[in-house]
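Structures for review follow.
In the two assemblies presented below, chain A is common to both, partnered first by chain B and then by chain C.
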Partner chain A sequence: MMATGSASEAAPNRLRSSMLGARLSEAAWGYGFAFVPFAVFGLFFIYPFVYAVYISFFHWGILGKQPGASGTYNYSKVLHDPVFHIALKNIAEYALAVVPLEMGLGLSLALLVNGKIRGRSFFRSGFYFPSIASSVAITVIILYLFAPHGPFNTFFGFSTDWFGNASTVGWSIVGLNAWTTSGTVMIFYLAALQSIPEDVYEASALDGAGAWRTFRKITFPLLKPAHFFCLVVFGIGALKLFDQSYIVSNGTGGPNYATTTPILYIYRQAFANYDFGVAAAAGVVFLGIILVLTVAQWFTLGRQEAG
Partner chain B sequence: MLQTVAAAEPSIPGRPRSQLVRRALFYGLVTILALVFFVPFIYTISTSFKTIPDSVNVSLIPHPWTTAAWSDVWRRYDFALYFKNSFFLCAVIVSCNIFLGALGGYAFARLHFPGRDLLFLIVLATIMVPDQLRLIPIYVMLVNWHLIGNFSGYILINLVTATNLFFMRQYFLTIPKDFEEAAKLDGAGHFKTFWRVMLPLALPAIGALTILQFQGTWNDFYWPVVLFQGQAHLYTIQLGLANLRFTYSTLWPEIAAGSIIAILPILVLFLALQRFFVSGAVTAGVKG
Partner chain C sequence: MRKRAVVVVLGLLLVAVALAATAQAGHKSQKVTNVTFAGWSSGPDEDALDQQMANAFNASHSGIHVNWTVINGNYGDAMTARFAAHNPPDVFYVDSSVIGSWEKQGVIQPLNGFVAKSHYNTKAFYPKLLGAFKKGNTIYGFPKDWSPLATEVNNNLFGKAGIKSAPKTWAQLKSDAKTMVQKGVSKHPICLSPDWARMGAFMYQNGGSLTKNLTSKANAAAVNYYVGLLKSGLAYTPPSGSWCGQELGQGHAAIIFEGNWVLPYMKSTYPKVHYGVRPMIKGKQQGNLAFTVSWSMSKDSKNKQAAWTVLSWLVGKQGEKLWMSKGLALSPRKDVKSIGGRGPFLAAAPFARGWGFGNPNFANAYTVMGNDLNAVIAGSMSTQSMLSDVSKALKGQ
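== the complex of A and B ==
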């Protein structure tokens, strides 16, 4: 009796100490596993974030930091630079034009390929492919098709330099990106459309509603979460325009600053003017703008979903 | 959707014909749209087999037919090297992202250690740091560390992304704990359990990560421009193509051939795995 008693008392003790050892070793392995990924994030994401803010307060050229803090000089330079104002105006106009276009086109494509049509997966893939192909190749191809003496102009009898004129290049990039991005928008809308239950449509058919009325009164309102999701994702995405404006203008942002976007402005401040301080300050300002817009969008989004 | 509506309507005389018209209109519209999406690519293929004077003609049939642009772009304009560079970077970066993403993802999904949730929040927060803000500090850091002028800097900043780590963690969370407990009973340590048991079970997630990361690295233009511009031996296929177009803006057949080379690996991947791409597992690869 006594012996069994002491044995059963000792066992939990031994178990507890071995469990503590196991827990310690698990924690050690946990830190070990997470160490390298965490070092990468710390060194190449978190530290640069802080470092960017630091650089923005100094005169910083190609040779590095110049002696003495510059205070808010870089910020006032960015905020008073007419080119930065043009870049902000360009990107605002671009986003306001391209987001409704790609969402409208994407929704139309989704509605077209959502039914049980023949060759459905072929059409879906075809509409989606420009979204995943390289933006450089697509831009270069379109530059060829829409060159002053290119096939498009020859075929339709135009002579406009679509991507070379300050007055047309903005709209040309809007058209190009509305085309390539609509495939991604289509995928999001397809997923949303498939989550709408069939019986909603059956009920509307019994009420004798036609296709257009069904879309306007039922499908479109039910897609509300998808509308807001796309607005946020593609709205923020549009603000980061870089590849197309770089390739169209050979990195200059011309003609006449017509393709200068905030990102290209940052790039040029660093690698054409070698003014890293101003470039960093512009990066901080631009991130601030994006953050404010994101928070504002989430705010409206949250309210819309609650209501 | 259109089908359901039509099917539920009562059949009335004369219906079939109007339905036929509607159907013809519908397919006409889809075909026109598909043409808008395909014509640029078809045109590019045709142009790549043309001569320069012929490249401004609207005709889709090359006259005369030549493969000169292809051999030109591959040899004379160094696309063989750019293609090799891009593949090398993709192979290294995809492998690192798989290994480190899985390693970190497993730690955050399954191992218990103090401060885990806080660290995980910090990892998620790094997703919010945009590349545009990292541009200047990372360039300055890489210059200071003498990592400009070769591939190591580009590889370092792309070793693992928070998105990939998060993606692997979410997948590990769905695997039943029984597997690990069985491995533990067999006396396997934490690394062996991860390497021999959990990693093979996560193959579907690794496959998805491979495709998305390959696509991202292959198509990347922003960082190659920043880190490699002006150093031709480091050009990736995208940077090489952009520079070919800057330098020889009217060499259309070569530019067309180069574009196809830049798209081809993604096209092959896409054709092989269409269902994966279109199924909505693409959220991680959203382009602006």
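== the complex of A and C ==
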């Protein structure tokens, strides 16, 4: 009896222990797989970020820590630098102009290619193409097309130096980026449009709503999660403007600081002034600004969307 | 008989092995030091010339082997990354505009010790050009080539306006340009870059300076003259994507102020355009800027003595003769001739100031210069504010 009893107890124990073993093994595999991206993220994002915060408190040159000012000196230098103020003003103006334009253009394109039109796939690919092409290559081509004696001015009879004049260069970059990014925005809106149930439109059709009323009262409000997503993602993307301002100004942020952006300012502090401490401090300040803006967006638009 | 043959063959084999081992040992005893020299490349011609320099050096030196490496992309950024990784080339190009910053960052090897030890003759170099790479008496590089600015004119437009010679003074520049406008030859005859690397020459011509008392009346007057030419319409700035050399080639500009680099450009891009090169115009006095590049040595070089042998050969008489053979730039040495037709440039050697002036804050100040000058031209900033801004930037404030 004893033997039988212990055998009957041992079976569930074995089962329990083998299940535990399987669960442990499963967990080990799971953590193992998760470790790789975490390690990559830690090595290439967290470590540089922590290191940047660290060096922002020191006078830091090409070869590392240098004697001289430390503490919050770099932060004070950044916050009192008129060029950094100009960079913030430029990027605020740019983001306020480019994000609505990108979203409006992206939504329009999405509505266009969501309809039953001939050659839909061709248009979808065509509109998306500028988003996947190299921004450097596109900028260089646009600089050629819009040069004072270039094809655009020759065709339309203009003589404006679109990318060389302080009063037009900002808007020219807005136009260029709105065009190149609208394809990506279109993809997000297209996905959101296709997730709207068909019966809502059928109901509105039964109620006799026209196309514009349907769009205003049904499509646009139901796209709210997509609006919020695009606003945050492309808003942050706009704040990180660098490529175009670097290429257009040859890295100087000119003419007359018109293309100076915070990221270009950080780049110049690091690679022209070799003041990596100030560059890091500017990076931390700018990160703080982006964080505040994102949280503000969440509390205004995101909360409503979540609710 | 057979045994004897085997013994002979074995003996021969042993001798062969012994000989091979001796040869190998001899080869090992002749140690070869590898030295890397690097720079940017302005085009295939310069790249090929650098490789030719490497081949010539290797052919005449048995203990050192040099390898030429071209650094593509942004040279300053690429070198910064290499300095930070303590892995820069042994010998490399340094533009005079960044020598001050790089010296301050402690990445450039002072060369005085090597100069003294090898009794290297520094007097063969034009003093102002060598001075561009010195801080006090410490030498941080030897100029490999240079170019000042000169006056280049479109002969056809000058002929149409009935003007026989290129302007020599500020007054002549203005009157020639006015004549061209009046005769309808050109709407804006002068091309002026919105760049202190051109305007600076005018400041020296007016008795001013970029290193002392930047806010002086002489500097302000030179700026007002330069900007005044633009505001009066006698001059224009090259549109984005273009430069004054291109404007001369396309016949838009009749007068420009550029360096030796305009000559190979015109030859390859606008071979049919008739243009003339004259010495840079003068104001109250002669004044010019020298755009020069050095061969310098890395402080992190592991083979400094060998690197010095390479560097001193590159800027030596033999190296410079080869470097000048394609006419890409002018010789910094008095004892090596530049190729023909460079007289108008060489005339500036005694007085042209090395662009960058050894100032460690120059790279940042140059950005301030460019942006502020655009603002002055646009009328949104005063000359005095710009000079004050730039003065502060040069002091690192």
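Assume the second predicted complex is superposed on the first by the 256 of 307 C-alpha atoms of A that agree within 3 Å, B and C clash if a C-alpha of one lies under 4 Å from a C-alpha of the other, contacts with A are read in each partner's own complex, and residues count from 1 in each chain.
Following the convention adopted for this analysis, a residue touches a chain if its C-beta (ideal position, glycine included) is under 8 Å from a C-beta of that chain, and two chains touch if they have at least 3 such contacts.
Remember, it's a predicted structure, so these values are computed and weren't measured experimentally.
Chemist: Putting chain B and chain C on the same copy of chain A, do they fit or clash?
Modeler: Aligned on chain A, chain B and chain C clash with each other.
Chemist: Now for A:I266: first (chain B), second (chain C), both, or neither, which partner does it touch?
Modeler: first
Chemist: Should A:I247 be classified as contacting the first partner (chain B), the second (chain C), both, or neither?
Modeler: first
Chemist: Can A:F163 be said to touch chain B (first), chain C (second), both, or neither?
Modeler: The answer is second: A:F163 touches chain C but not chain B.
Chemist: By the touch definition at the top of the document, which applies to A:L143: first (chain B), second (chain C), both, or neither?
Modeler: Both partners, chain B and chain C.
Chemist: Once the shared chain is lined up, is A:L112 touching chain B (first), chain C (second), both, or neither of them?
Modeler: Only chain B; A:L112 stays clear of chain C.
Chemist: Quick one: classify A:A92 as touching chain B (first), chain C (second), both or neither.
Modeler: neither
Chemist: Based on the superposed arrangement, let me know which partner A:L287 touches: chain B (first), chain C (second), both, or neither?
Modeler: first
Chemist: Where does A:V233 make contact in the superposed view: on chain B (first), on chain C (second), on both, or on neither?
Modeler: first
Chemist: A:G61 contacts which: chain B (first), chain C (second), both, neither?
Modeler: In the superposed model, A:G61 contacts chain C only, not chain B.
Chemist: Between chain C and chain B, which one touches more residues of chain A when both complexes sit on the common chain A?
Modeler: Counting contacted residues of chain A, the larger count belongs to B.
Chemist: Of the candidate stretches 80-88, 98-106, 368-376 or 386-394, which in chain C collides with chain B after aligning the structures?
Modeler: In the superposition, chain B collides with chain C along 80-88.
Chemist: Jot down the residues of chain A that show up as touching in both complexes, chain B in one and chain C in the other.
Modeler: In the superposed arrangement, which is not itself an observed complex, chain A uses residues 143-144, 147, 149-150, 271 for both chain B and chain C.
Chemist: Mind listing the chain A positions that touch chain C in their complex?
Modeler: Counting only chain A, the residues touching chain C are 61-63, 143-144, 147-150, 161, 163-164, 166, 248, 252-257, 260, 268, 271-274.
Chemist: If we count contacts the way the header does, which residues on chain C are in touch with chain A in the complex?
Modeler: Per the stated touch rule, the residues are 74, 76-77, 80, 83-84, 86, 101, 105-107, 194, 239-242, 361, 363-364, 367, 370-372, 374-375, 378, 380.
Chemist: Show me the residue ranges of chain B that touch chain A in the complex, using the header's touch definition.
Modeler: Checking each residue of chain B against chain A gives 1-5, 8-9, 26-27, 29-30, 33-34, 36-38, 40-41, 43-44, 47, 56-58, 100-101, 103-104, 106-108, 111-114, 116, 119, 122-123, 126, 129-130, 132-141, 144, 156-157, 159-160, 162, 165, 189-191, 194, 215, 218-219, 221-222, 225-226, 229, 237-239, 241-242, 245-246, 252, 255-256, 258-260, 262-263, 266-267, 270, 274-275, 277-278, 280, 282, 285-288.
Chemist: Would you tell me which residues of chain A are touching chain B in their complex?
Modeler: By the definition above, chain A touches chain B via 23, 25-31, 33-34, 36-38, 40-41, 44-49, 51-52, 55, 60, 64, 109, 111-118, 121, 123-138, 140-145, 147, 149-151, 154-155, 179-181, 184, 187-188, 190-191, 193, 198, 201-202, 204-206, 209-211, 214, 219, 233-234, 236-243, 246-247, 250-251, 262-263, 266-267, 270-271, 276, 279-280, 283-284, 286-287, 290.
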